[in-house]
């Protein structure tokens, strides 16, 4: 097993965690569940990206991972902010 | 109002048939695809375009006209949103934890935007991604209760939203007036022209995205005090 | 032929498809939007795999991030009304 | 030596003033009158010039090629000059009449605008050099007369206008289809003396028959051939000048003129005879003549009686065309002019009765000859002409039709003429009797006094007198040069060749 | 060197941007930009008439890499018509929106739409066409919703979404073509296009997507509500220009791009849809209770006529027949553009006067606006196809081609469609002749009424009689 | 041409097509702005996916930058349209509330 293959295996594993997280997102039932799952997804996504970066030989994927991380933070904010107050 | 059941049966069947034929068509196309026509030409000419990153050179030089019109599409969406009515009332102010998180995230997003803009010349990144970062910063601010997502007053918003398209267009027209031709950048300064366009486009995209998230015409200061 | 890579591709593709189906068949707008955001993030991963880091960046930031934020902002407003319509 | 501008100028000489008139404010009375009269007189001068030119062998041809095979042609041959002259003279007279008639009614700018367009279209029909141009002006005529029929704005006017439109437009679409079909088979349809079709291959003949029916149906609507005549009595709601123009010149004549063009200059009279089409046309004409007269008998409304009389009389033209031989042709063609002169007189008179005394029904006409002697005199001339009493123009028509029928061995046509004349007498003579010999009632339904020593407004009085004199003259001086009859002889001679 | 093609796109865009920046001056800047854009477009048309088709390679890159603009006769004819109509609409709008809150929003969006239209006629790059389609779709939907009523917003939302679906479908076709032929340039792809599954699928996707945008029966259902609920000048632009742009692209792709694979049976299918559209649209227009709905359904019918040409073009015996059908197509499209714009503008005037546009209750409104009624009448006559409008000559050629190619069944469709059109136009015009008092003047608001009237006059007298120059422009 | 690349292109291309069709199906079958917008975005993603797939030219060669640029443009257009559509939807709801 070459290094690239090992990396791929890691990536596949991370992908599997994403898949598990997805089930949680679909099933819910509470907002918190979904939020946590989305966070998990973000984190695993970053992992996949870092690994992929070496597999497909695109160093710029690290930048993409950075954006993922930042967006995860924004997502937290988006989820936790309250609704619009009722009425004008 | 549920769609009739016959439709529910028919549509998937039709789509399946369509999918099979499309797949066949795609396979047929790919088999005939030698993969070295336009792509080769484009990659070869990248050094002449004023940017070293291929996607950036395609986007801002080879197919700059598309990008110009695309900026116009963004502007259209914004003007359309504004035409519908005033913005939604602002979000309530955030709690303490959230406020500090926002305080961290917003500057980071802006810095990242600047970074993406700068690397766009030679690496993945560029006006759209950078603009999206600015937009995300504004959205974050809005969510945290800022009534305009950090945007200035309406006249400035208009200026910023139109700026990218305006600079792009005026540059094209100016070059034409100077004898070079519409959107034809002289070799020596191409890099700088692209950077100017990208910078202004970033601002416009960011502002447009924030304004779109606000979802309506900027409210005047008096109404905003609430 | 790199079998590992192919398996990884297959896994990625199927996850993507499953997400799309989940997002499209969701009746609750909030859940649909969250699934759609997740779909966008996964799409960004796929594009990263296809060596398109620019697109991965843009999709993550705009396709998933901003579109998601836009929809989420609106979905929350619509949710109660939607639920009542749905239960009819 | 082809003059490319004169035919166009003749059409535009009424169209342009018409277009200007629309923009005039309602109270610009003098300017409107001036424009109207200027257009009418200017057109008359141009037409006079053209008559002189055609007589001396000049060729007049305005044309505009739109696409290969689609060409607008305005040209002047003897037949078109006949119709143009009729329209122009009668337009001038009718304009004067209309100015008097509509003195105080609303929407005069609109009325006169469409009135001018209507005449332009009629003149365009007359000058059309091919079927495409003919159809163009034929449809413009429909469009321009619709507002005139609807002008009064009453529910009856609305209804009459709708019926008029439904008939004529359907006819127009049928005509268009037939024309395009024919053009697909044999190319551009330029009106040619002796017809176009005789050289076409025999395999096309069955299609030619179908096309003839389509074209005849399209033209027959305007010519009020039974059973396509239904619109004409309904259109009586229009103001009197419009009825006069519609019945005497513009609409029905456009249809009749089209039938003449169809038989003589597209199919060729001998070719049409060979296909047996003339018999069909003759049958329709005969049916129309009898039906119109019979219906006229039972009408109490003066205008309706005149309308059914038109249905009947216009078909003399078709009858003339349907009988093979130059003499019948002369009879038919000359009726184009004669019927126009006589019928317009009758309608002017009817308008005068209505406008001056409020009389609309035949039964109200007792003794009207004493109150309006000149008008009734004109009416008498017209009515006697219609019956065919010499020396009024109508006699000439019937004489030639009869001679032609005898010549061609079509004795049924002679019987038809006799029957029709008897019927004409049966519905016109009672009117004359009432007008002259019955005592007048103590008061008229709605008397209107004009500030003049004459019996009515001079603008209303002179036109019927002029046309009555013209109808008399056309009969009395039928043999003089430039008379309608002489002109028609020229046409017939050319059609049948040496 | 000044590039007239780029200028024709740049002018309206510059107008849109300057109005965005200076909303206070909207109406003045608007008229200025409208005149500039029209002049630049007419400049292109005259240049094409002089020297044949123009091409420019934007950015200075050879065409498969750079984006090409092209103005051939077809594009130039439409460009000229569209800009004339747009100028008329602008002048009208400067009155219509003068004291309305919507004016700040109308002008910039209107010029963005104008930009999209000009860019669309000149585009020869398949992806560039997608961008212009989206620009057109977005600006059109935004403009359509300017009246702010519930039905206008929901109708235009539907229009927006369906337009998106249509352009996405189109884009998938472009993607397939790019896969197979490695180029996005229309002319280049056309040159190398070979029959096969990928080109057939691309054809189906692209034509299908555009048919949705062109409201070809049975994909027309979005059009009547969207066009009927928009403000009148916007309806004019939508019905006369935007829909025309999509059907123009259908023809352009059909003739230029897919000429090699577009077969007779596919053309027949489109023709049948067109025929159904003629009958259905005209029938619905006849039954419509509101004036603007009537006009919108009439657009559905007119699009049907335009689609009906395709099987006849496919069946044309020789090059001459094809050429004359093409000219007829252009005549019909141009006439409809001018006439429908005028019709909607005049409708807007009537609606402003009465406060509604229910046909049954119009009463003397038509009579009190003689110039507008006149415009309605002339435009209506041009829509019916009464001579000497371009529609008349187009129908003549259409019937001729139908008979010549043995496809006689189109003839009754055309006849019936014409009669139905007569019905719906005169159902309306009959209301103009009532016993209401007449206003003393023919024209009351010169800019608003004369713009409508002039467009109608152009439709009735201009296009048909100018068939020869138009044919020359098309190089026929 | 390298079969490995072809298979990858085909795999992802077909996924793109599938997304396109799923989206279209959902667009036709489902009512409601939310579902239609999501469906449309999935449709768009499907088309973009096809483009990205065909731009892929293996691990050694630089991918074709032109489809990438097209997709970038497409994404921005899609978000513009989505934003506009959402604003329409919000306005409709507001009118419902007032009604």
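Chains: A, B, C, D, E and F, in written order; residue numbering restarts at 1 for each.
Convention: a residue touches a chain if its C-beta (ideal position, glycine included) is under 8 Å from a C-beta of that chain, and two chains touch if they have at least 3 such contacts.
Given the structure is predicted, the values throughout are model-derived calculations rather than measurements.
Measuring centre to centre, with centres taken as mean CA positions, what chain is farthest from chain D?
When every chain centre is compared against chain D, the largest gap points to A.
Measuring from CA centroids, which chain ends up nearest the centre of the complete protein set?
Central by C-alpha mean position: chain E.
Any chance you could check whether B-C or A-C wins on number of contacting C-beta pairs?
Contact tally favours A-C.
Centre to centre, by mean C-alpha position, how many angstrom separate chain C and chain D?
Between these chains, centre-to-centre, one finds 77 Å.
Go ahead and note the Å separation of the Cα centroids belonging to chain E and chain F.
The answer is 29 Å.
Roughly how many whole angstrom separate the Cα centroids of chain D and chain E?
The mean C-alpha positions of chain D and chain E differ by 42 Å.
Could you put a whole-Å number on the gap between the CA centroids of chain A and chain D?
Using C-alpha averages as centres, the distance is 88 Å.
Of all the residues in chain A, which ones touch at least 2 other chains?
Correct list: 56-57, 60, 63-64, 67, 71, 74, 78, 84.
Touching two or more other chains, which residues of chain F qualify?
13, 18, 20, 22, 24, 30, 33, 37, 50, 54-55, 59, 66, 68, 70, 72-73, 75-81, 83-84, 86, 88-91
Over in the complex, which chain C residues touch chain A? Could you list them?
2, 4-5, 7-8, 11-12, 15, 18-19, 22, 31, 34-35, 37-38, 41-42, 44-45, 48-49, 51, 53, 56-57, 60-61, 64-65, 68-69, 72, 76-77
Over in the complex, which chain C residues touch chain B? Could you list them?
It is residues 53-54, 57-58, 61-62, 65-66, 69-70, 73-74 of chain C that touch chain B.
Mind pulling up the chain B residues that touch chain F in the complex?
Those residues of chain B that touch chain F are 1, 3, 7-8, 11-12, 15, 18-19, 22-23, 26-27, 30-31, 33-35, 38-39, 42-43, 46, 54-55, 57-59, 62-63, 66-67, 70, 73-74, 76-78, 80-81, 84-85, 88, 128, 205, 208-209, 212-213, 215-216.
In the complex of these two chains, what residues of chain A are touching chain B?
60, 63-64, 66-67, 70-71, 73-74, 76-78, 80-82, 84-85, 88
Can you list the residues on chain F that touch chain E in the complex?
Going by the criterion above, the answer is residues 13, 20, 24, 27, 33, 36-37, 40, 43-44, 46-47, 50-51, 54, 66-67, 70, 73-74, 77-78, 80-81, 84-85, 88-89, 91-92, 95, 99.
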